[in-house]
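Okay, got some structures for you below.
Paired with chain B in one complex and with chain C in the other, chain A is shared by the two complexes that follow.
Let's look at the complex of A and B:
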């Protein structure tokens, strides 16, 4: 059989054509996706990566609710300029406890993945309530309500942690039982700052050799 | 793709990729050259009176373009990682590429860096270009807290233009502040001093700069509780981050209300550590900018 008769057969037979299209377009997925689903290095946490604590998890939910990822990415790309500006580039294993990941795709503001420790908690508090108080030409909106609402009101933290445990996050019974008391007296802004102050701490320079 | 889960998946990728390429090559080749024109001359159907299949082959440059793309693909997957565990002739990896370009970047600046590191602070201060760089660095790394001009802001981040520095203004002290950060730890005194005590000590501290009478009611409590950090005369101790209370320079405010609040709640100012974020040359430039 040569290519032309094959072509003719396919064109004259709709069922065969549909099957052919599906088969050909499936090849890409079979090659690209199937092996990755079984790739352990993508599921293995880097040495310092740990599941979010009750407070940090709540902060993360607030981060999602306020749409921070619309303007801030959480991925330092492997480019010299980014290493200079932000620090080590992001590793796959740092995101194993991120459901969903918050990589973002647009940087109206700076990348936040290596934010931990860059500013003090007090600075974050002032900056979130009124960004212009510390960065005069900032275009970030103010989030004054964060200081007025209790973090425990953002949702049932025990249910969240139980659901995440079912997905494989290693929370202990004790951590889940203590979750609610951990959130006592914590305002939304405190939870968000706790989350911001642990962003990017999952990676340590010692792991570099494994690249 | 150097960390494929197992040999099976590596083989899976290789087999599917190569057989797809072979299939495309066969299709392209046979459409152009496998076709027997004699055999094709059987009766062709005619539609709508005079509409029939044309017999002109597609243009030849099409064939060469497709064939060229195939050859490019083969060369590419030989050179670069793409076929399962095979890492390619060039042994390329993204991590290695970043590491290499970062090394190049460092090497390009090594000489300039070394030069700056060998200069004295005064020499750096006299070099306008370097001071320009230092100022840009300050705006990028420090201005979010200390303000774009370094004059402090928000009644919380210190002014770097004044003469009274909480943690000391010598080159060594500044370097320590930048590299390791600083954590001030003035505890809350409300529980220890009580309402009246806070009021008396605050009044004592507020009046300290114009001299206070020995008989001031807050004096005893000040002597008992505050001198360990702020010194007998209240002039402070940069080693502990205890500010001088006898001058007119106040971080959180020097009036009665501010001092009362400081005593009641304590103050826990934080300067983050920049030792990991900045290199030695950058730190030296910043010291040259800040020291006087």
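Let's look at the complex of A and C:
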């Protein structure tokens, strides 16, 4: 049986057609995904990387809800200009507690991965409520509602942390039990700023140089 | 033979899906125009959370891909699979279920995005309740489609059905794997994958949602409607078969080119880049096959706006599938990544290829479905030029914006200091963003003309009952 007669069989058989498409399209994914999903170094946290606290996790979920990642990447590339502009390039081990990853695909605004400590909390508060008050010509939207809502309204924090623990994030029983009280008196804008102020703190120069 | 329900094609569901598709096209493009205006005048969200750019942008992309795109694909798949199989739809009630359940998902899913329910994974933003609903409708779509093929009266399965088939099967696989997550509440779940691994899974999905939905599915449309319309058989059937398998095999590897210079393993990036370049071959084989099919029927282009749309869409398909592999090369990607060049590239595909092939198909199909002439050929011709002008202006403004961003961001002086601040580069984009806004308005205007034209064509008409022709014994089931 040559190739043409074999293919004629496929052309006339619904089952073979379905199976053929599934098989041929699955190969590429299997070759790329299986090794990556089994590569331990991609799951190993850097020394300074820790799970998000209740407040930071709430802030991160607000960042996701508002679609911040539509315009801001969190992925510094190993290029001279990016090291100069943003800081050390991003390492895989810094993202092991990121579900989902928030690397983004567009920089309408700047990259935020090394944002921690670059601006004060007050600067962030003004900037989030009225971006053009601190950055002339900014085209970022304002987020006035973040100052009006309590962080505890963002979602069930205990359930969130419990779900993440099931996925392997090392939260203690105590951390989960205290999560709700941690959010008391915190507004959404505070939680978001807490998250922004810890972005990129997983990297340490000492660890990289092997000391 | 006695006339029964089984001696006519099921076309009512096709008409209904086309109507929904046009409605979503207008709505989602209007959202696109609005958010492009927000990038020029950021104050026009009036401090309302549901008008905020971060929520409206996913609404725009989901509305176009899943509302406009998938409704059009379902409509044309249901239409062509019956004709190429010489039988009526398998499980017609399930086809109606697909039609309405899908519109409900797009509508409620869109509202949920405005409410801030999002997984944030691009083109898979909808949260887990919708993911489950999508999976159910998708499987139903597959049952209707493959069920119809299974009961066909023509021995060979025509090439358009292969492309629609790959759309159904591969999207099901990608959708299920990428959306695996642990639900926390109705509006929130956490991805099963974290960090770099999540990134590789997401772009395996994201790139191939483009590959198998926006390319594979729409190629099915080309392979049925182009030869029908040109009145010529496919130039080389053998080439279409070879290109099909090459396409299904090689597309799936290309996803990680969205992650160049990131923290994923370098071999994955390089492999994706290599396969992206290889992908140029099946893409252009298909384009050439399409163009050659029309090559002895050029005179029809003078009188037939529908065919003009289809031929132009092939040209843009060729452009976008050339640009894509070029942008996947690391040294080009270093400039293009994260910039508006990517946005322009997506739109040369979405406007120039997906929208144009769909418009051409609708102009061809709607008059036939009701057995009357198109309401106005003149309006359709106007639409053609507006669509072309809008697309060109869009792509060129985003090329200019994207290349400037990419080069200015990377520019350093002799001392290794950055030449330009981010804010200044961002502020210099306004003229390009304004130009893009105009482009979007022109394209949307053309789409509105089509909506009116098709509405007038359908107005007061009953679907024509198309009877199933006798099977040529040479191709019948033995």
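Please note the rule applied: the second predicted complex is superposed on the first by the 177 of 211 C-alpha atoms of A that agree within 3 Å, B and C clash if a C-alpha of one lies under 4 Å from a C-alpha of the other, contacts with A are read in each partner's own complex, and residues count from 1 in each chain.
The criterion applied here is as follows: a contact is a pair of C-beta atoms (placed from the backbone, for glycine too) under 8 Å apart; a residue touches a chain by one contact, two chains touch by 3 or more.
Since this is a predicted model, take the numbers as computed values, not measurements.
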Which of chain B and chain C A:27 touches, first, second, both or neither: both
Partner chain(s) touched by A:103 [first = chain B, second = chain C, both, neither]: second
First, second, both or neither for A:152, with chain B first and chain C second: neither
Which of chain B and chain C A:90 touches, first, second, both or neither: second
Contacts of A:142 with chain B and chain C, given as first, second, both or neither: second
Partner chain(s) touched by A:39 [first = chain B, second = chain C, both, neither]: both
Partner chain(s) touched by A:65 [first = chain B, second = chain C, both, neither]: second
Larger contact residue set on chain A - chain B or chain C: C
Which of chain B and chain C A:73 touches, first, second, both or neither: second
Touched partner set for A:53, first chain B, second chain C, both or neither: neither
Residues of chain A contacting chain B in one complex and chain C in the other: 7, 27, 31, 35, 39, 78-80, 84, 135-136
For the chain C and chain A complex, residues of the former touching the latter: 38-40, 42, 45, 47, 49, 52-55, 57-58, 116, 118-122, 146, 149-150, 155-157, 162, 165-166, 169-170, 173, 177, 182-185, 187-188, 190-202, 204, 212, 241, 245, 248-253, 255-256, 258-265, 268, 271-272, 275, 334, 337-340, 342-343, 405, 409-412, 416-418, 422-423, 426-427
In the complex, chain B residues that touch chain A: 1, 3-6, 9-10, 12-13, 16-17, 20, 26-31, 34-36, 40, 84, 93-99, 101-102, 105, 143-145, 148, 153-154, 156-157, 269-273, 276-277
Chain A residues touching chain B - in the complex, by the definition given at the top: 2-4, 6-7, 27, 30-31, 34-35, 38-41, 78-80, 83-84, 87, 89, 117-123, 126-127, 133-136, 211
For the chain A and chain C complex, residues of the former touching the latter: 7-8, 11-12, 14, 17-18, 21-22, 24-29, 31-33, 35-37, 39, 42-43, 61, 64-71, 73, 75, 77-82, 84-85, 90-92, 94-111, 131-132, 135-145, 155-156, 159-160, 163-164, 166-167
